[in-house]
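Structure first, then comments.
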Amino acid sequence: MSRFGFLGLGIMGRAMAANLVKAGHEVTVWNRTPNRCAPLAELGAKVAGTPRDVVEACDITFAMLADPQAAQEVCFGDDGVLEGMSPGKGYVDMSTVDAETSRQIAEAVTEARGRFLEAPVSGTKKPAEDGTLIILCAGDKGLFDEAGPGLSCMGKKILYLGEVGQGARMKLVVNMIMGGMMAVFCEGLALGEKGGLDPATILEVLDAGALSNPMFRGKGALMLKKDYAPNFPLKHMQKDLRLAVSLGDELAQPLHSAAAANESFKAARRSGLADQDFCALYDWIRKDS
Amino acid sequence: MSRFGFLGLGIMGRAMAANLVKAGHEVTVWNRTPNRCAPLAELGAKVAGTPRDVVEACDITFAMLADPQAAQEVCFGDDGVLEGMSPGKGYVDMSTVDAETSRQIAEAVTEARGRFLEAPVSGTKKPAEDGTLIILCAGDKGLFDEAGPGLSCMGKKILYLGEVGQGARMKLVVNMIMGGMMAVFCEGLALGEKGGLDPATILEVLDAGALSNPMFRGKGALMLKKDYAPNFPLKHMQKDLRLAVSLGDELAQPLHSAAAANESFKAARRSGLADQDFCALYDWIRKDS
Amino acid sequence: MSRFGFLGLGIMGRAMAANLVKAGHEVTVWNRTPNRCAPLAELGAKVAGTPRDVVEACDITFAMLADPQAAQEVCFGDDGVLEGMSPGKGYVDMSTVDAETSRQIAEAVTEARGRFLEAPVSGTKKPAEDGTLIILCAGDKGLFDEAGPGLSCMGKKILYLGEVGQGARMKLVVNMIMGGMMAVFCEGLALGEKGGLDPATILEVLDAGALSNPMFRGKGALMLKKDYAPNFPLKHMQKDLRLAVSLGDELAQPLHSAAAANESFKAARRSGLADQDFCALYDWIRKDS
Amino acid sequence: MSRFGFLGLGIMGRAMAANLVKAGHEVTVWNRTPNRCAPLAELGAKVAGTPRDVVEACDITFAMLADPQAAQEVCFGDDGVLEGMSPGKGYVDMSTVDAETSRQIAEAVTEARGRFLEAPVSGTKKPAEDGTLIILCAGDKGLFDEAGPGLSCMGKKILYLGEVGQGARMKLVVNMIMGGMMAVFCEGLALGEKGGLDPATILEVLDAGALSNPMFRGKGALMLKKDYAPNFPLKHMQKDLRLAVSLGDELAQPLHSAAAANESFKAARRSGLADQDFCALYDWIRKDS
């Protein structure tokens, strides 16, 4: 059985690492602020002082870091992943990073004769705790197979999508659809409301039919309360729509609806809603001035 | 207990009337081609020779007719609904008709001192058989209450939305959201496919997350097989988007995403897909010329 | 030489009728408020008391009325055009009216065995005074030819476009292009301004190149001064865009850009700019909330 | 009086350099293929063997090179501009290059203590020959003033727009407006044509009114003949629209119309029209499949 490492114990990483440990795997963890390691140690994890130590001690190391910058520092920094890398070892980066960062890390690990897997996840805190994330893997197929027993503790749906970059691309496609759905959902609610229908009833009708989905249900209830506390900030959604439209430029795929949604999110972002949840688009679409 | 009538025994009407009868109600049915009445008679329904006879024999008469023209003929024609109407009787038109037709029928019934309820449904053959339609009622509130025991045999979700016209309006809002979702769904699938992702895997990822919905699941599978057999024809979806955008003009509600979707469906309609299912939009969005 | 009549001496009609008289034609005029006739009488026109009198006294009667309602009253009202109509007489309606009004008047005139020409104009006060209007004729070709000596006093460009309705349709196409040009013009100015360019310099560059046109020049200068005094009200532009998009629905012609412009004008209309000039779209496109 | 250099004698550069010489300036020219220099020599220009020689011999050197790659080679290559640069000398790059290339050249020239001016032009062969280009300058203000006597031989409109990058940005704004105008122009022609109007007549009406502009006139005539010989290739127009929309993302300026035009040009590009003139968009907008 593989020895697993886990780097990054934030909200997501902590829950994911705990699921690995609870499933009986031998796990060594590291976090920049060491006190976050204590709860994992109580569950039975070993604690290491640097990413390098983790990589050296384990066959396969998972990472769940806050952003591209953190992902790069942990990989390329002093006592980082690369310093511990040696032929055959696996590195599975589950952080959400841009394509360029992913490619740089993949190249560096491969040059050190290690194996690399990009594995961004879809899902937030609750699915992380429940081990029901969707994990979008791309890169070394052998590593994907070997990491399987670990990944299956963290996710309910684990997909292998091909070469490095395809995991991030899948996430972009899904987020683009999410943004487009949100835009037309807001428009429908606003149109109905202007036309004398009760928005709560519209939600009820939608939820009873073929369009029923967790996002309309969850976000819809919040939107009617004007509760736009950020879960996925509007500016990040607009960034993903922008990247999707650009990918369409690159691949010569017209995207009239996604482009229209992008402009509406951009207008919402400009109107002061950038840091609210992306469902705050509703506020821009409804307003009369 | 009210005596119920039922006019129109097509695919939908037959199943709906059967559910009324099976629930133990006293039901009198009529259909333009009389042999369609036989299965209902076997279940215990009475059969009448004209709409007028049905209305005269019953307290509340439901109608499920093919289109606005049929709805008008059955109401205004010789031996039609109006000839049997008298003070206090109820007429519940569940057909999908335009706002103008609905208003005309409402006025005529009301002038004859009858009571009128517009009650278009959301859902197709299967929910009609299972008694799980969504029924969008608008018009006479007293009639809505009295028709309740009948409606609840046919639908799982029965809503009262206010004055005549609001039922049709709710359906328009829902269909507009459906069209917009379909447009961005097609764009996402096409973008992913051009970018090297397997469309079947995209469906799998979508279905595992917060966007999961019966339409993506059902239509998605057909789209990958290029099975565009018409369930809801593309030209009808485009018509609903057009009506929704026009309603936005009337109510001064901008609808950038719905308008973009409308133009894409229009282009698809022009390209020869008018009579295919509305998910055939995928064919237009994917194609390279 | 034909005897000409002229009905309606508003800002436009007064100037047009004056050009007819100055060119040496025999002209009989009428206006609802009779004192408007005096200046024409001074130039040599005869004055009549009713539209009927004008039509009876003349071979061809031109009309330039304020709106569809006025056009209908003057035609169908007591002592109106129809009462004076007789076989062979011509009626040339130069008012801007909807297709339905035009069709009704055409039918009534034709039934009275008169001849009808729809002839909406493009151009405002100055071209009317200078006799340099663009006149978009449609209807009776023989009448078009006979009216030529009169029309050529009023316009520099006189076109025959076919059956009744095509004049209005041409005007719609031109206004749609005008609305779309204005939308992207506003976007370009706003983008440049946000990017540190001086809008006045952008106007200068545009005016020096292949895009140079009187609208950018004239409206552009006003827009930089935020002078939105209505010449062509924004709500009328949005109405024309709406009608053009609907015509696209009818003819199965996708209009992605015009539809996007329509939604932006709609949003501007909602934001309180409905009665400003249509170039006030700039205000909506620039603003940050 | 400044001694001027000129690098690059293609279709544009040849005409521009000739205007400099004819105006009586002392001009030294260079071209990669030396035989292009002969006509200039006949007019009185000196000929140099390398860009370095030109820069060393002159106070101010103009360059008009084919693309960003050529601009970089001429600047950074062996015997290139930088090798001849010394304190106080001026370099005016009139080539159309991306912002990044412009910035790199600007930095290198400035580090060598030379002075830099970015000066892309608007206009093609004919205005280059007539000395009626529009020249969009940005960078060193002192150099702009000193280069004035030279620039005024080449252009009728010479603008100073601020720091390096603003020249390219102005060009982007103008091209975005051009693309948006073309999109709605094509839509209007197609709509009119479908509605029974003669496209040639639509052009005539447009040209007689407030929208009249050289592009509609020139391109319109070609479009009706389906003559799409590339003057400005469609793929380049789509690239500029993409860059403009991205600039809108960066500056938080929504651009609904430009974004819609971008998607339509993208679809046209995909349909096989990438290398045709950008007015070939008409072909995509008109076609029925």
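Going in written order, the chains are labelled A, B, C and D, and every chain counts its residues from 1.
Operating definition for what follows: a contact is a pair of C-beta atoms (placed from the backbone, for glycine too) under 8 Å apart; a residue touches a chain by one contact, two chains touch by 3 or more.
No experiment lies behind these values; they were computed from the predicted model shown.
Asks: Would you mind naming the chains that touch chain A and likewise touch chain C?
Replies: For chain A paired with chain C, the chains in contact with each are B, D, in label order.
Asks: How would you label the chain A and chain B contact, same or different, if same means the shared numbers make up over half of all numbers there?
Replies: Looking at both copies, the contact residues mostly coincide.
Asks: Where the centres are mean C-alpha positions, what is the separation of chain B from chain C, in Å?
Replies: Roughly 43 Å, centre to centre.
Asks: Please work out the Cα centroid separation of chain A and chain B, and write it as a whole number of Å.
Replies: That pair's centroid distance is 39 Å.
Asks: As a quick test, compute the distance in whole Å between the mean CA positions of chain B and chain D.
Replies: Result: the chain centres lie 57 Å from each other.
Asks: Which chain D residues sit where two or more other chains touch them?
Replies: In chain D, 248, 252-256, 259-260, 263-264, 270 touch at least two other chains.
Asks: Going by the contact rule set out above, which residues of chain A touch chain D in the complex?
Replies: My answer: residues 238, 242, 245-246, 248-249, 252-256, 259-260, 262-264, 266-267, 269-270.
Asks: Which of the residues in chain A come into contact with chain B in the complex?
Replies: Touching chain B from chain A are residues 122-123, 134, 136, 156-157, 159, 161-162, 166, 169-170, 173-174, 176-181, 183-185, 187-188, 190-192, 194-198, 201-202, 204-206, 208-215, 218, 244, 247-248, 251-261, 263-264, 285.
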